[in-house]
Amino acid sequence: MRISAFGEIMMRLTPPEYLMLEQTKDLRMDFTGTGVNILSNLSHFGCETSLITNLPDNRLGEAAKASVRQLGISDKWIGQEGNHIGSYFAEMGYGPRPTQVTYQNRHSSSFGVSSASHYAFDDFLKETDLVHICGISLSLTDETRAAAFALAEKAHKQGKKICFDFNFRPSLNKNNEAAFMREQYERILPYCDIVFGSQRDLTDLLNMRVDEALDSAEQFKKLAEDFMAKYEIEQFAGTFRTRQDDKYYLSGFLFSEKGYELAEPREIINLDRIGAGDGYAAGVLLGYAENWQPAKTVAFATANGVLAHTIQGDVPLTTRKQVEHIMEHPTVDLIR
Amino acid sequence: MRISAFGEIMMRLTPPEYLMLEQTKDLRMDFTGTGVNILSNLSHFGCETSLITNLPDNRLGEAAKASVRQLGISDKWIGQEGNHIGSYFAEMGYGPRPTQVTYQNRHSSSFGVSSASHYAFDDFLKETDLVHICGISLSLTDETRAAAFALAEKAHKQGKKICFDFNFRPSLNKNNEAAFMREQYERILPYCDIVFGSQRDLTDLLNMRVDEALDSAEQFKKLAEDFMAKYEIEQFAGTFRTRQDDKYYLSGFLFSEKGYELAEPREIINLDRIGAGDGYAAGVLLGYAENWQPAKTVAFATANGVLAHTIQGDVPLTTRKQVEHIMEHPTVDLIR
Amino acid sequence: MRISAFGEIMMRLTPPEYLMLEQTKDLRMDFTGTGVNILSNLSHFGCETSLITNLPDNRLGEAAKASVRQLGISDKWIGQEGNHIGSYFAEMGYGPRPTQVTYQNRHSSSFGVSSASHYAFDDFLKETDLVHICGISLSLTDETRAAAFALAEKAHKQGKKICFDFNFRPSLNKNNEAAFMREQYERILPYCDIVFGSQRDLTDLLNMRVDEALDSAEQFKKLAEDFMAKYEIEQFAGTFRTRQDDKYYLSGFLFSEKGYELAEPREIINLDRIGAGDGYAAGVLLGYAENWQPAKTVAFATANGVLAHTIQGDVPLTTRKQVEHIMEHPTVDLIR
Amino acid sequence: MRISAFGEIMMRLTPPEYLMLEQTKDLRMDFTGTGVNILSNLSHFGCETSLITNLPDNRLGEAAKASVRQLGISDKWIGQEGNHIGSYFAEMGYGPRPTQVTYQNRHSSSFGVSSASHYAFDDFLKETDLVHICGISLSLTDETRAAAFALAEKAHKQGKKICFDFNFRPSLNKNNEAAFMREQYERILPYCDIVFGSQRDLTDLLNMRVDEALDSAEQFKKLAEDFMAKYEIEQFAGTFRTRQDDKYYLSGFLFSEKGYELAEPREIINLDRIGAGDGYAAGVLLGYAENWQPAKTVAFATANGVLAHTIQGDVPLTTRKQVEHIMEHPTVDLIR
Amino acid sequence: MRISAFGEIMMRLTPPEYLMLEQTKDLRMDFTGTGVNILSNLSHFGCETSLITNLPDNRLGEAAKASVRQLGISDKWIGQEGNHIGSYFAEMGYGPRPTQVTYQNRHSSSFGVSSASHYAFDDFLKETDLVHICGISLSLTDETRAAAFALAEKAHKQGKKICFDFNFRPSLNKNNEAAFMREQYERILPYCDIVFGSQRDLTDLLNMRVDEALDSAEQFKKLAEDFMAKYEIEQFAGTFRTRQDDKYYLSGFLFSEKGYELAEPREIINLDRIGAGDGYAAGVLLGYAENWQPAKTVAFATANGVLAHTIQGDVPLTTRKQVEHIMEHPTVDLIR
Amino acid sequence: MRISAFGEIMMRLTPPEYLMLEQTKDLRMDFTGTGVNILSNLSHFGCETSLITNLPDNRLGEAAKASVRQLGISDKWIGQEGNHIGSYFAEMGYGPRPTQVTYQNRHSSSFGVSSASHYAFDDFLKETDLVHICGISLSLTDETRAAAFALAEKAHKQGKKICFDFNFRPSLNKNNEAAFMREQYERILPYCDIVFGSQRDLTDLLNMRVDEALDSAEQFKKLAEDFMAKYEIEQFAGTFRTRQDDKYYLSGFLFSEKGYELAEPREIINLDRIGAGDGYAAGVLLGYAENWQPAKTVAFATANGVLAHTIQGDVPLTTRKQVEHIMEHPTVDLIR
């Protein structure tokens, strides 16, 4: 299954060794974004992947493309538009000090200024079977919204599978009212087959109600089933993060035609506090592409999400072999 | 409230990534010192701060001044004297391996050779409301002792608030007998309004006795009250470090006219094992300057002390926003 | 003489060791800009300096302010507006390979979105004697143009000296027609006392004509004198870059009430190919502030411009001692 | 024209800042090789390129593939065989100190142990128009020789263009006698269309004789024409390096059906002393692919060769725009 | 007691900050190997040590020798043979992600191609009292096996003490059958006085049987005693790694004429997951050399093993002072 | 010939990439000193060398010893005294910007506080044939002067060869009057066999007069011969640095029983502007130890001095092979 994504390539700038911006002049530059992260991981799992997006026609744009290729993603559908790459600084946290993200201008990025007409969606869709559309495109600009809707509609018409994640960021939506955002989500969901999200996405963004007569686990199941029924969603997946004795655990869920599946929780040990969600999504998409049993999918995807936190940067670079190794030999800490 | 400090600017040289000196040729150079640490933190909290000290009249002295300015401290009162900056190497520990500090010559530093006549104390005092005098000045050289006493006396006479910390370092006092050091402390304390210290400072350095009839918490309270009464101290503050289940906790105390206040302990997770004391002191001084309730002061100062351990280097660079964030949202580990 | 500047703080990101963006993930972050460069240098010469500009109210803005303070410039007049710092990547050239600058979005920077009402110009002007206004403000946005004009008018009214440089960048003026830009320059020049520019600025931007009957040196003198007379300019200065035997030389000129002065050329040896112009300007302003003879000014400023090319980054960090040393001992290559 | 290459991927390890191996523990890892270098450059010129070679089936092999993709080369034909990547250390020279290359084991590398049967030559050839075969394959092992001959024969039969370079390294041929090597070269040349080499390659390796009656320039032309006639070579190209007044110059030559063309010499300024030959070859192949006039080809290729020396590492990463820029504006040293 | 070792010097290449090979071009180069590790540690404990091995006669070989000298080991007996240093890449693990070692060619290393005739064993043995023979020499090549046997035989004849460790690596023995390896071990053990190993070494490699009637601790004791009796081994030592509540503990054992001794377990906190075994061995050999009581030996050696995990790289660089410090003051985390 | 030296081990701290102290927090730490430099070079030439000096008994002292061993020098005679290592910062110059050295306290270093009684000179001298005494010991402190005289006297009595260099540094002698220094030099010279110095050393320090009737070359010869005769010096050597067409050249001279020899000048191309003098001295001492013809000695030593400028840091790490290579193949800039 050829898997692709529509989304922004962002530049992440990270000071070394948990230093804060004031403490150093050294930065590490990486290129990331939900689409980049998921596709890179799928590529490391052996899938054929490609990203459709736009970058500036300058040396920074070329460097970004080179990085995307290095991650194993085809750059064939990356066009040139605008003159800016959205970027953010990640001051990595330690212990009680949180990781602090500071964004630089995102709205006028090459991706932000590109509308549907700036992409060769028709040709692109001929070479893909499943396309992931990042929910941030609905928050960003009028242009990105228009492009996302156009792509979703075209892909759906051609019988391609569409994967969508809510990816709601309050900081990106300061000027968008709740009703406006709900409208956007409601417009795209009918085209979607696989959705990544949480209970809060359904209640807060879609304004769905939980049945408070049920206990909390059942509330969530009922809510998810209603959501899936309403929009004819094939799979709905996401992760829970729980806390026990000062430790944090991740466990992923998956609703599919085979019902509800929840993974055994795995302890989260953070080298980098960004990235588990995309790692989990990549695992679920691999299971989808290879038609795995839900239990296998959530176990694999959860292990992958936990591994994503042990890797510097947003991009989960795990291989199938690495994920399987920690599933089979969880206490081996040295391989030689 | 304009806050200032009298103390040494030291150079800290740290190998990267927990390497030991034998393992690398790479060092990171920072400028630090109790005064630098406390003032920098207060400056990040929004206070107007300045440091009075001396540095060599050479390029290293200029680099040190530039660093102090970067930290937010005025360099207006930094003079030029001598030809050496006291320095130390910090081999950062990991797990059971302790952080190991190795000092290079401290006695012949610019600060060490500067006596009262090398400072413009009178002009300086006109522009400050509270001055912190680092206790190390009493251990270092005859010149630093003389300067500290002159400053304390002048400041006291002009009705400025004086803050003092014991900061006793056995390694700096190998040639100073206990009686000699006691005499120094007893000479400066009558000028002081706020003192940072511990039970051991009172018993071992001032030779005060605990009332063994009391239980240990009461012993300490009684001792502190006696100490404050004897020297007319307005506030006496410090930290306890406790251990439970292989974990360490910090909690700060504060004696003031409103009685005794002890903070809830917070777990210590160390990125750098140096700096909590100065972070706690900065928090207490902020509370003092803004006339906070003791409970607020110790809670804020303890949170700040714990944050200081999550920051590379001795200098606590926390902002008010960061401290308040971990007080209000202790489990949020990523802000974006 | 208290010297200040109005201009943008930009972020420069530079790969190490002459690497190109595709070759490395490591970047060095510096904060720069014409105002920053000139003031930092004047501060290193011993002047009291301050910058008026705006930065975002976030951690990157704070890091930029810390850097400005470190350079010796007061951050008192740096306000908070917008959410973006204009940035550029400098791939450092070597031999025949040119240094390549790639800009990220500049128009929506904190400086770019700030108009006159976002600055406390009146209070600011009370504390300065001479203000440098960077010509880029006339190219950037309607807001920066409005702010520059407002400041120039106010300063002029209050009898403050105004320094201006053309600083025309074709890449920033793709959408501004020549006539439009001429109008802007013509509007600000009547307020100005000192101007930095070149023959081409006068002919191409102001549309002034050279008298082709004269030889080329005289053409330029005549042109400059006309320009100064027309706008009542007190000093007009700039640099020539000449080439001989594969070597490049810099020599600065200065028109003043004392006539025309041209410095002996000095060979340019580049560590960093950006920064000589601002170094020359700083030298001229120092001479102006201290009322030097023109011959001394151009010699000092030219030496300083050449030194600026031997320093990494745009900011000329030379001290008076360093400049005088290479003027007096040009063949000494090691000082110890 | 789809261009491909058969050759080894090597790992280059370089200490930073001209340090020697004894002076540092820091190394920069790059992947290189004649094929990698030429294809990467052609890819940056806009060509579609792919490399056929083998790498170990381990994490280092994957890292090498990622790097090749980043350089713009397809990794589709990179197989897995053996368990070792040939590597070398480059201690970069400065002034009179030469760059010193130290090889680690090359014979047992994945490339070295791979024979014809380890490659899918037939499928590979279907997707290429011109294949470059690196002459080092004839020196390395029996397996690489067998593979090179098999590929050359197949490609020739299918009417694909073959490019070959002598690339003779004495250090790799200590155990190969001259007669043996001559035999290898004579066996492959009949299949070749484009050859890169020097006069010494023809005389010393092929044992051809110069006509000493001619002057030296004519000697070389005659020799080259004899060589091309004998093996039915379409183009023969290479570079001269000359010295004048302590400076070095590069100029490339090209023999084709249109006769002999020699480029104007360009000064060599070295950031890295490895790579001009592959840069020149890439330029010639671009001219060949686009059917340029010889004069344009040698001028472009020579400029490219000189630029290659200004780029760290063996891989010439120049774009068409960069090469054309230094051809048109040789004195511009800063682009912004 | 003069202590020496026979074994390979390997090159370890490690990416910084827990990065994986695909994520960075930066590597840290260290020289290591069982012999290097143990001797370096003993040298830091104050012993006179020397290593007998071979390195290539090139600049990399010289850099390796310089590194060995730096570690405190005499390079007098390091000869020159072959042209390759065996190397490995260590991608350092974090949390659930294991440290991943990738070897480059080991069999054709200078050590791998050196047989007994390439060493001056006789002269070497005159200057040593105890020689450690690394068990890897029995797995590597026919040459290393021959050299190990020759050395063991000579040393035994001359009454020198011989120390041996099994050091069995499955990845190195893919082509060696179990029976073959058993034969090698059985051939060398009669010459040995001190052996480092585990229960699994005795059962799996030597095919010894446990007495299943006993409980597990007694099984092991009986097995070890049988082993020591059979081969006349003076001391047999090794470590257990146990797990409790997600934490790992190390405790070392020692069988000697004084019976069985087992250390109190110490928690393992890993900065680097390689090296505890060699650290434990160095501690045991120090106790042997200084004739300590077994209880002191296992306590010291276990503390040392745990410290080895807090040091970057394979080489335990602990001093006697450091080990004793954590034994006496286990909760002190900062020394100044 | 076993060669040794008496002198200080200093710590050199150098910012990377020609940055100035204000521009970076990164420093590279090296250990150096005239004795270290010369012995390390001789060790790389194959000589047996050892240094007698003192270092602090702390972790920095151990790191310095490890570095000295790595350079190939025996640390057997390095004792422990004092608590400080003299250090300096080297801001590396570029083009017209000079390298700027800033010293930290030198007088209270371990070497500075060590007198004759702190060294085991008698045992030390038994194991050496030639001892180099650094002239800086005569400037530093009363203790170092006393130690130098004691060593010179003892060595001379035992018939050991003594090598001395003037190494006069004005910055170290601000408090020593000229007459005082002359007295020191005159006291040590009668013990010396080989002396490194310049005409200015003889005239300014020893107050010797040139015969102005002679031409300048003859003046110097006469002066040197008088000097050698007066103090019974066997060899007197040093270097001239000349300038032509903006280039600098080095040529070394040597007076011996075979008369005066002057080397062909070699162009100086500086990577590091410190170190040529020690490189030249090492070459002369190698020639002395191996009884070379003067012409060979000055040619080799001059080539070595020039190479020293192409190596980062003060320590000339050249091998015999490297020096001979640039003598025989001066235009080869790449060896592979």
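Quick notes
Should a chain be cited, it is by its letter among A, B, C, D, E and F, assigned in written order, with residues numbered from 1 in that chain.
Operating definition for what follows: a residue touches a chain if its C-beta (ideal position, glycine included) is under 8 Å from a C-beta of that chain, and two chains touch if they have at least 3 such contacts.
To keep track of the chains, here are their UniProt names: A, B, C, D, E, F = Sugar kinase.
Fair warning: this is a prediction, and the values are worked out from it, not measured in the lab.
Taken together, subunit C (Sugar kinase) and subunit E (Sugar kinase) share the touching chains A, B, D, F. Of all the chains, the one whose CA centre sits at the greatest distance from that of subunit F (Sugar kinase) is A. The greatest centre-to-centre gap from subunit E (Sugar kinase), using C-alpha centroids, is found for C.
If you average the Cα atoms of subunit C (Sugar kinase) and of subunit F (Sugar kinase), the two centres end up 45 Å apart. Subunit A (Sugar kinase) and subunit D (Sugar kinase) have Cα centroids lying 42 Å from one another. Annotation for subunit A (Sugar kinase): residues touching 2 or more other chains are 17, 20, 22, 25, 62, 66, 70, 100, 103, 270. Across the complex, subunit F (Sugar kinase) is touched by residues 62, 66-67, 69-72, 319 of subunit E (Sugar kinase).
Residues 17-20, 22-23, 88, 93-101, 103, 169, 171, 243, 246, 270, 273-274 of subunit D (Sugar kinase) touch subunit F (Sugar kinase) in their complex. Considering their complex, residues 16-17, 70, 266-267, 269-271, 306-307, 309-313, 317, 322, 325-326, 330-336 of subunit E (Sugar kinase) touch subunit B (Sugar kinase). Contact residues on subunit D (Sugar kinase) toward subunit E (Sugar kinase) in their complex (touch as defined above): 13, 20-22, 25-30, 58-60, 62-63, 66, 83-85, 87, 89, 91, 100, 102-105, 107-109.
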